[in-house]
Every structure is written in C-alpha cells, then in structure tokens.
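Look for chain A in each of the two complexes below; its partner is chain B in the first and chain C in the second.
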Partner chain A sequence: MMISIHRLAGPAILALGLALPALPVAAQPRDTLTLCQTLEPPILDPSGGAAAAIREVTYGNIFEGLVAYDRDGKVVPALAREWTTSADGLVWQFRLRPAQFHDGSAVTAADVKFSFERAVAPDSKNAQKWIFEPIAAITTPAPDLVEITLKSFTADFLEGLAMGDATIFSAASVGKAATEPVGTGPYRFVRWQRGDRLLLERNDSWWGAKPAVKSVTFRFISDPQAQVSALLAGDCDAHTNLGAHEAVAQLRADPRLAVTIGRTEGETIVAINNAKAPFSDLRVRQAMAMAVDRRLVNEGAVSGLGTPIGSHFSPNHPAYLDLTAERPVDLAKARALLAAAGYPNGFATTLRLPPPAYARRSGEIVAAMLGQIGIRATIEPLEWPQWLERVFRNKDFDMTIVAHVEPLDVNIYTRDNYYFGYQSPVVKEAYARTKTARSETERLEAFRTIQRQITEDQANLFLFMLPKITVARKGLTGLWPNWPVPANPLAELRWE
Partner chain B sequence: MALFLIKRLLGLVLTLLLAALVIFLVLEILPGDPAAMMMGVSATPESVAALRAELGLERPAAARFLEWLGGFFTGRLGLSYTYRVPVDGLIAERLAVTVPLSLLALGLAVAFGVTLGTLAAAKAHRSADAIIMGITQLGLAIPNFWFGILLVLVFAIGLGWFPAGGFPGWAADPMLAFRALLLPAIALALPQAASLARITRSTMLETLSEDYIRTARAKGLSRSQTIRRHALRNALIPVLTILGLQFSFLLAGTIVVENVFALPGLGRLLIQAIGGHDLILIKSLVLFYVATAIIVNALVDLAYGLADPRLRVGRA
Partner chain C sequence: MNPAWRHPSFGVGAVLMALVVGAALLSLVWTPHDPTAMRIMARLRPPSADHWLGTDQFGRDIASMVLVGARNALLVGLVAVGIGLVFGVALGMFAALYRGRLIDEAVMRGLDFVFAFPAVLTAILILTWFGPGLVNAVVAIGIFNIPVFARQARGATLQVLALDYIRAARLAGLSRGAVMRRHIVPNITGLMIVQGSTQFAFAILAEASLSYLGIGTQPPNPSWGRMLNDAQTYLATAPHLALVPGLAIAITVLAFNLLGDGLRDLLDPRMKER
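This part shows the complex of A and B:
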C-alpha cells in the first residue's frame, strides 16, 4: 500500500534544489562601493526640495556650488577657485576654476548668474531663498569671473552659498535635474531604480584629484532591522546613519565592521506652545525643565548615543555654550514653581508626536517625567502630514517632540509666526547682529547671547543632538563622522 | 451565456467606478498638504505655494477626479508628487518585482501545498499525516514578516547564500534578480502553502471515498496510481477555486514582505507613497489593488459559471 513518495514530492524537491546551491559571494573589488542610507531622495534636485536625502546623495558628488562645507563645517573652495570681498563687504568676486558639466559644456559665470537668479525667482521652489535675498545684482565681467553685489552687509552670505540649495546648474540641463541630473561633481548619474538603488560612476573629467572609488551604488533601506541584516550579510559596505540604535553593541562586536558615533545638526527638543496658557507662563516652562532629565531621555530614546544640549545650538559650532547645567532636575522646586503659577495639582495636557522613533520614545519618557510633578500628558501619535498640518502649520498643540535638522537654525526663534510661538526682542536683536557683525568674535558673541536668552526663557525643553551612527566595513576610510550638513562626499572615500 | 457575461462585466465596471470615487473622496478629506510635506519645516510659505501651483493642487476637486479617471483609459495617471515622474511608469517599474514575486510565491505554495496535502491524505491518520498537519498548523500561525526575518538570519547572514534584501534589477543579471526574490517568495508562500495543504488533504480524503475510486482500485490500479490518475485531478478543482480567492491575501502579503526585504515592489511603493503623502500615487495604487482583486474574483466567478450551468441564471 506504499505510494511512491519520491514521485509525489517531485515538485517540492525541485523547488528546494533551486535554493540549495551555495553561490559564491563575489570578492569585493577595491574600486566599487555600496553605500546604504535610510531614506530615498524623492528627487535629485537640491534646489527643488528640502529632503536631507537629496543632499546625502548629490552634495559634492553629482552637484557642486561655488563653495562647499568640508567635514568640519568649514567653507572651502569648490567651483570657485578663490574669491575677494570689498572693504565694505558688499561686493563679492568669485574666480571660477576650469570645470565642465557632465554633458561636456564648460562651467561659466553665466551659469552662476542663471542658477542664483532662478533660485530667487517668484516661481522658485528653493527651500532656502534667504541665501539669495541679500543679492542686489549679479554681473559677469569675464567668463570665469562672477561679481555679486549685496543690498546690505550679510555675515553669513558665504555659508549660504555652501549649501546644496546654492548648486550651480546649466540652463540647458536644469530641467531634468529632478530625475536625470547633470552636474559638475566627481560622480555622474547612471541609473536610478526607484525604491531600491541609485548608481553613480566616477566623472573622469572632474577638476579635482581622481577619486579612488570608480562606481558607487547607493541603496535605500528604511527598516532598521533590514539595515542591520544588510550590513551583517555584506550587502552594504557602509551605512551612513543607522536607524537601529539598539543594534550598535552587536555591530561593534563584529570584527568586520567599524562603528563611529558622530553628530548630526539635529537638535531634538520638546517644543512648547509658548503662546498658549498655561505654557505662556515662564514658571510653568521652568518647572517642566526641572522635571525632565535629558540624560535619561537620551539613554532611553537613542541608547545614550546623542549629545545632551541645554539650548538650541549645535556643539559642532564654535559659538556653542554648554548650558546643560542650567536648571538641573529638582522635583520639589518644580512643584513649587507650578504652585506659584496657580497649578498646585498640575494640569492635563497633550503631547503630539511625529512618527520617528526618537520622537515616540522620547515622548513616553518625557510624559512620565512630567507626570512626577502632576503634569498629566496624553500622548497622541501623528503621521508626518498630520503633524505638519496640525502642529506645525495650525499651531494646534500643547507640546511636541521633533529634531530641527538644518545647520545653524536658531533664526527660527526670531520668526513671529513660527509654530512654538516664542517672542523675544533680545534674540531678534542678537540675531540681526550675527548678520551685520564685522568680526568673527562679535558674531560668535551674538550667537552666545541667543543661546543664553532662549535657555533663560526656557522657550522649549532642549534634549539632545541626534547622533549619526556610521557603520563601515573595515578598510573603508573617508566617511564623514559628523554631519555639519547631510552629505557623503564620495571623492574622499577609499579602500585600504 | 452572452447575457451572463454582459451582466458580470457591467457589475465589474460599476464596482470599479464606485471604488474609484470612494478612494478619491477619502484621500480628498484627509488632512495634510503634500507640498508642505515635500518642502519641510524651514521652507517659506511662498516656496510651498509655488510647489502647490506646480502640482496642480489649486484646481477644483471634480476636475482632478475626472482627469484622474480619464488617465486610466489613456494610461496617463499624472506626475507623482514626490518623485515628479509619471505614475504609470512608476507602477510598471514596480510590477517587474511584484508580479514575478507573487507568481513565484504562488508556484511554491502550489508545489508544496498540493504535494504535502496529497501525501497527508494518502497517509491519513498515520504519523506522516500528523507531522505534515503539525507543520501546516505552524505555517498558518507564523506571521510572514517574522518568517522573512528568520530566513534572512539563516540564509543571508548565517550562510551567506542570498542577499538580505534589495533587488538588482532584471536587466543586469536575471539569475541575481531571481536569487533576490527567492527568500521573500518563500516567506510569502508559507501561509498559502499551509492552507493549501490542509484543503488538498480534506478534498482528497473526500474524493478517495468516492465510488469511482473504488472502481479504479477494483480494476487493479495501485493506490498511488489511483491517486495520481483519478483522485488528484478531481480533488484539485476546489483547490483552484480557493487559490483564486487567496490571491488577494497574497497581494496584501507582498506589501509586508517587500518591506521586510527592502524590495522595490508595488507594496513598498504604496508604503513610501503614504509616508510621503503622495496622494496621486496612493490613489492610483489603491485602485490598482482593488481592480486586481475584483477582476480575479470575477474570473473565479466566471469559472464557476462555466463549470456549473445552474449558476449562470441565478447569481448573475
């Protein structure tokens, strides 16, 4: 009565047979590289969208500006070989180096004029128009010379030009910048398989020293667990900013990998609606600050990998002041302050959280800490579109947690209509001074005044800088440990 | 028969139109501005307004609905808000992953499910049957995303036979592309294979008790010959019906599995579109899923009709 098992099981064995042969993993040739990052850029035109992922792929690779940020956040020459400013700081002359776009056309002063005028045009979608607003006129005295006249002295004009938003395009190819970019950088665009990977190839006619890596694949893996798997399986040579904080110990223990903990420019804050009672009362905000232990939040939310901050300012910047010792945790004092403000039994409130893990995790901890002084915060998780609509645009919130990722973004504390509703003449005056300061010391001092004032006013609760976790195969060198701007300049990478 | 077909087709078109209207209306009342989403928190209101105008978000809803609907006939579904490329192109690109993945999973599910089910029926109430049924119980209970992670752990990280995720594309090396799809297909096939095995076993047992099987055995055929020549074919008819109905579950499964394996398929596109508030892409994708499910179900219905003339009158 036996039936022939091998016959019936035929299809199953056939299917298994396909899975069994151990195909050899190709040895990694030293001039190719697979770089994995969390988010996929929606488009590749840095002047058409604010997404950091656009810069992570294109900045200094496909596209370049007149000047650029280096890994320490200093402004260095790029397409402009050198530059001079007039004594009053109003006239800037940029001397271009001989360079070509990827389509073979030469980079001229006219391209610079075209790019900047396009950026500030009424229908421009540039997210950082402020960079170009001080410009009164752009002239092109010679094909390799650009002269820019400013309306008034602007101390951070050059810093603005180093951002991806000030990329130099050619009029002939800018129309395709979003999907088939033609730039001037050391790598040219090859192919983009949306949802998975993007291929770049070395541009051998680039003006700089020949990069060591010939072809680069960017892969986009958003799931933190999948990021770790891809690193362990050798699918990725490096991940530029790992999402799985809790996997750091495991990856550190792997002899094939090197883990570097650095900093982004993302100040993670508990933003408070300063315009709304009871938060409009300084004593309430101070009480909240004394209840929240940022070191514990840092531990719980990002495994202690972030850098605690006491104000809205990045420790990467020379003007940074360490204000983390201000208003240390003191629950008795916090309760007394709340009572003085008229809330001896605390109050009920909401904490609206956007989707990132750092926000959701910090939120749970902050709510528990506030509960210790009687502030009963109900957590409401929101998706990004709803967060942008309700919290950011309509200011319909009490508290939220978010990381402000743009470099040197304290100017948000000077905006009258910004979502957290903070107002301070002192900060506005000091910020104006950062723009007009004639000396670097004066400028740094103005930034310090701002930091002291927003901490004094406890405009928000300042938690920590979001970490940048770089994981790379041993032997790969040159990745930026910190992100003064989100960027992965490939020309600096090499295998050893 | 012609009347039956026309009625079914009409019903199909009406259902699709209704689905399109519901999808459009639901997404229309959803809060959130795609332009604000794309420009981030530091953009000026003017930049956001410029983008809104370019995306055509200022035009009346009715006009946008008709244009979108018309797009399904002309093949022009508009530009994706986030990617700024045609939606139809994006969908076509992703189908090159999701269709092979679904077919591979379906193939694996049938191969394993039918084989194991038949085997279990042949060995009914013996230890082989108990073991197979135990495995299928487990297969039904394990969520496929978890099974996917397990497969990656063993075959990608542990043994290094397969990539942990991603998809190199068909153009470069079809064999590499196939390898990239195999683990996800297995993860996707597991619950399908498990339920197919259970169904095959029960229909097979039922068939084996029919008179014609006894006749075949009386003729002198061996038991395995009887199963292969007579029982299997008859037992498979209900199995195929179930398979058609399970297709929707398979499609839904790809959404989860594609995310676990970072595969650039339709399901991942849908998740990305939702994350980026790419309304125009979400609309088209959801309608595409709905249409696929409705059409497959209609085909199953038609197959019923062909098989059983009584249904042509009553149920149309």
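This part shows the complex of A and C:
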C-alpha cells in the first residue's frame, strides 16, 4: 500500500491541485464569462475612432470619463464624484474621486486637462470634437479639482462628457491606448487575439463596488448564423446584439436561454439626396413617404423587432414625438403628388445600399414599394469603403439606407455639407436653442420643433429604430436591455 | 427509335433540359404569382395549395421565382457561351491559320493570360470594376469562355488543315476564307457543340456563384444563386427556401453535363462509323 501511494503521489498531487479549487467554484456562482458581439473593434481607443464596437468593449469597462451614461441614458458620476456649475452655466467644477489607472498611477486633475486638450488638438482623431469645442479654459486648482470655463452656455455639455470620446487618459500610457489600453475602469486589458477574442480581468483596485465576474472574454462573430450556433453550443454565454433576428423564435424556445428585445439609438432611414432633382422637390419626397409602409419594412427587414419612427429621433429620449401617423400610406395621393411635381409616370433612380442585412433587406422592400407609384429604383449593393467614399463623402447617390447609431444625432440635419444635403433655417435655429435653453422644458420643446420640421420637410424616409437583441444564458443578469450608448458595462453582470 | 435517345447520358440530359427550358418558356407567359410581389405578412410560409413551394422572407411566391430564375439561368448560359463561342472560335481559327507566326503567339499567349485567372475571380474583378448586375456578370463569364473555345478551335483547325484534301483544295486555288467556311467550320462544329454544353453548365453555375456573392443578378430579378444566399439565414427555420433553388441549379447543371457527354459520344466520327 505504502508503495503504491508513494508512487501515485506525483500525479495525485497534480490532480488535487486542479480539482480542489474547482470544488468550491462549482458550489459558488461562476465568475467567468464569454460575451459575444458582432463586430470586432478596429482599435481600442475610444478617442481615436467612431466605431461602436470600440465602446461595446471599453465603455465603463477599461475606460471611464468624468461622468457616464447609465442603462437608462441618464448621466451619472464616474471619475468625478460630484460637480457644480456657476449661476450663468459657464464655469463647471468637477471634484475627482480617489482613483487609479491600471498601471498604479493616481488619476489627477492634470490627466483630465491633458485628455480634453488632446481631444481638440489638430492631429486628434476624436470623432466628437463638438463636445470640447465650447471649452474656453481648463484649470486645475487642486489635484482632485478640475475647473472648466465655457465660451458660451452649452446645455448638452455634461451629456457630451459622458460619451466614450471624453475618456480620461494618462499622458504616460495614452500612446498604447489603441492596442494595449491602460484605463481606470473595473476591468483591465489582458490580451487581444485579433480576429477572434479579447480578454479582460477584474481590476481589484477599482473605486467602485467589487464586480462579481472576475474574467471576461469578448468574442467577435459577425456571421448571424454562426452567432446562433455559438449560443446553442454554449460557446457564448451571451450575445449583446444578435444579427439573426429570424432566429429569435427558435432561441426563445430554448429553455437555457433568455431573449430580450430592446432598442439601440440606430435610426434606420432611407436617406434622400435632397440637393438633387427630382428629390429636391418636396412633393416627390412626400409621395415617396406615402408609398413606403414602415411597419411592413420593419416586419420584412428585422422581423418586426424594430420600433417604427416618424422622424429622426429616438423613442428612448424624453423629447420624442410619435410622428408615425403623419403621411399615412396612400398610393393614389402619392401618384397625384408625383404628377403635380411633373412625374406622372414616375422616374428611374438608384438605391445604393451598404452591406448590413437590415439595409439590404429594407432596400428590396422599399424598392418594391416605390415601384407601386412608378419610381423605378435600381438596387446597387456597395461595400462599406465604397459607400463611405461615394455616398457619404462624394454625395454621389439618389437614395441609400443606413442606420445612424449615435445618440441624439439630430444635429446632422443642421450640417451644411452633410451627405443628404438637407437645409432648414428652422431646424438650425431650434438646434441652437437646444444648446442655449436655460430650462429642460425649453430644451425638449426645441428638440420637438426639430422633429416636426424634418418630418414636415420629409428630409428623409424614417423607417425604424434598429432593435437590440440580447440573448443570454439563464442565470446571467445585468446586461443592458437597451443601448442609450453602445456599451456592455461588465461590473453590472453577475451569475445567479 | 432514334439511336440518339438510346444513349443513356444524352437521353436523361435531354429530358432534364427539356424540363428546364419548359419552365423558362412557361415563365414568359405564366407564373402562379407575380414573382416580385411581396406579401410581407405572409412570409416564410411552407408549401401550400396557393404557394406550391411556399413563400420567401418577403412573402414572394417561390414557385414563380424559380420559374423566372430558370429563364435568367438559361439566358446567362446562352449569352455567355455565345460570347465565348463567337470570339473564341474566330480567334482560335485565326491563330491556327497563322500557326507559328508572331500573331499566333500573341493571340494564344494573351488568351492564356486570361485563362490563368480562376474564372469566378476574373468575374468578381470585372464586376467590382464595372459594378454588379446581370449584364456585367454575363459578359464577365463570357470573357472567361473565350480562351476555352479558342484553344479547342485552334487545335481542331490545325488537325483539319493538315489533312490532304485541304492541301488539295488550297492548291486548286481556294482562298483561305473559303477553306475556313467550307471545310474547317463544318468539321469543328461538333466539337464546339460538345464544349458549348459543358460551358453552358459552367456559366449557369458561375452566375449562381456570383449572385450568391451578391454581385450577379440584382433584386428584384429572381436568380437561383441569390435565392440560395437569402435562404442561408433561414436554414434552421425554413429549409425549403434553400432546397428549391439548390435543386434547380443541380438539375440544370446535371442536364447540360449529361447532354455534353452524350453529344461527345454521338458526334464522335469514330462512333458514327460503327
């Protein structure tokens, strides 16, 4: 006996070494997680690109700002513990909480000044420079106190600071932010296998309550069918926004999985080249609106999981107006409008579509619907680089379909040189009021004026809000059902 | 009974081809429904009395789409093979006439260059350059067919040119053009028909591949390849969406390949002598 035990000791110790820690883990809730998302971020620096995938990985996980959006889209404290504004709204003071970067250095007021000045520098690739444009000066009266003076009153200044584009970096580590990010958040970067997965680990020196999940793997699966297979096979504990909406019924029937249908901030629109004939004629755009039944497009393109919209505005926002009843489908009236505009037999046009399934499917349906009033739209599928070059930059298009995913992005209707070429003094004036409004009511009213005006002008055809389809293993709680900003704050997740 | 029908490949191929051609012709005058009409609330329905093969993701009638798809597939085959045949045979015969001269080398090496690229890759290149669409796809497939026919035509022409009676005809004062017309063309026609039917199958498959990739036939014009692509997302829930166009492609390609095999045997002069 002695001999045999002795002989077995080596492997036995090894086996115990593996088995012992495993036993209590089996009894406790799991503390690992594999989260799957559709697109891989091109880089990990949220101040270096507009891609939503960057935020989906880093927002509130690796990186933090002074303030943050919560799951309801409300601005809450992050690295700033509290803040005050002067009576005229021009001077903001942010009191920082004691916090550390992942390399151990403390977060100071100087880091805030550095980050914001870097964001507006001429060589900055920040996608939302407008956030920082109102800033006149940044001073650091104390290591934990930042004072920002604005050039003029800006109602959405704080909301801008909550975006990933206003992340706080340290000068020492910002150079590596794109590939080996060092942030302040509850999770630190471990490893990134490009094309496949990215590993994060809990940052135990984070200022907030200790997150329940210790290590998280992000996996990137772009093919909708592969997403479904990965969920069914248990390779993913959750998918943050499933592409295969047609599989929702099948996944709902699976007792191991929970499916939640939420909303993104993605207004899906048929963008019309307002600057080009015949679309420059309001009657033509109105006729098109009366031919396109957005409820059917929503059904056919995203299995009815989106939310129909009548203007370029998210139903998640308190200023939202339901304008879907404006210009109901009426083919006879639409044909009459076309005739009045000088096109009794309709006209031929093109519909240039980017690659996502929602755009290609909506495109086929919209083309068929426009065909009913004699508008013969030839579909031209484009890849993203072509679309960005031809449609978005060179405005070489008649119609296209795309989802505008940034929150509160109605300001695109005030830009002089934007791709769909819409111009309206009313909208510009109202948008300026949203910046200067001293009361919330006044601000919301200004946003409502914009919504009414762009619907009145039928600047584009407004289809639906892209749905967010969250699929998670039963027992995993805390994923955001909606995406006020594209984000998956891991500190809120736990296994039950 | 005509002995041709007794040839198993030819017989089966001819029956299948008649089926496909019949479907294509029928679609010109009648389809159960409008193949482009969408009934979104009746989407992804299984086969029924009203929709014999069910409906697709937009509620379009699959039976009607498959019928019209047959027309598109045959059109692609005819035009693509036509382009290859006309230009390929002309170039091949021309090269054979000037055998060994610089012009022969130039033409044939040029065609080798085209042939060196994989067919579908060439087509993707052309479609990326000129934009996607049925016409461009057909031209792209047709261009790839040119060297195939040219090589065959050159070889066959050289064989015929070496025969004694051609030399005799030339000595008797018959011009090059007349030799081509009277002696070469009739002699190589059989071979070209056989090659044509194989290339026909290839063209249909190529169009299906290009449409599957989204750069061939554009919606709403029905294409078997695009139907397959669309069906991919519904494989788990509505497999008939993929099965129907998949079968249609398989049957058509099989028909033309069998036909080609049969024709090769039947048109072979050595078989005739027996």
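Heads up, the rule we're going with is that the second predicted complex is superposed on the first by the 467 of 496 C-alpha atoms of A that agree within 3 Å, B and C clash if a C-alpha of one lies under 4 Å from a C-alpha of the other, contacts with A are read in each partner's own complex, and residues count from 1 in each chain.
Going forward, a residue touches a chain if its C-beta (ideal position, glycine included) is under 8 Å from a C-beta of that chain, and two chains touch if they have at least 3 such contacts.
From a predicted model like this one, the values you see are computed outputs, not experimental measurements.
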Practice problem: Check the residue A:49 against both partner chains and state whether it touches chain B (first), chain C (second), both, or neither. | Solution: first
Practice problem: Please indicate which partner A:126 is in contact with in the superposed arrangement: first for chain B, second for chain C, both, or neither. | Solution: first
Quiz item: Looking at the overlay, does A:296 come into contact with chain B only (first), chain C only (second), both, or neither?
Solution: second
Quiz item: Taking the superposition as given, does A:393 touch the first partner, chain B, the second, chain C, both, or neither?
Solution: first
Exercise. Determine, under the contact definition given at the top, whether A:215 touches first (chain B), second (chain C), both, or neither.
Key: neither
Practice problem: Check whether A:423 is in contact with chain B, with chain C, with both or with neither, and answer first, second, both or neither. | Solution: neither
Quiz item: After superposition on the shared chain, which partner residues are touched by A:385: those of chain B (first), chain C (second), both, or neither?
Solution: first
Quiz item: Who does A:225 touch here: chain B (first), chain C (second), both, or neither?
Solution: both
Quiz item: Does the superposition put A:350 against chain B (first), chain C (second), both, or neither?
Solution: neither
Quiz prompt | Which partner reaches more residues of chain A (counting touched residues only), chain B or chain C | solution = B
Exercise. Kindly list the residues of chain A that each of chain B and chain C touches, one partner per complex.
Key: 225
Quiz prompt | chain B to chain A touching residues, read off their complex | solution = 30-34, 36-44, 46-47, 50-51, 53-54, 82-85, 90, 93-94, 107-108, 110-112, 114-116, 118-119, 122, 149, 152-153, 155-157, 159-161, 163-169, 179, 182, 186, 223-224, 227-228, 259-265, 268-269, 272, 275-277
Quiz prompt | chain C contact footprint on chain A (complex, rising order) | solution = 224-225, 228, 244, 246-247, 249-250, 296, 299-300, 357, 360-361, 363-365, 367-368, 378-381
Quiz prompt | chain B partner contacts - residues on chain A that touch it in the complex | solution = 1-5, 7-12, 14-15, 18-19, 22-23, 25, 40, 42-43, 49-51, 122-130, 178-179, 193-197, 219-223, 225-226, 229-230, 232-235, 383-386, 388-390, 392-393, 402, 404, 406, 409, 412
Practice problem: Quick one: which bits of chain C touch chain A in the complex? Just the residue numbers, please. | Solution: 36-38, 40-41, 43-44, 57-59, 131-132, 214-215, 218-220, 232-237
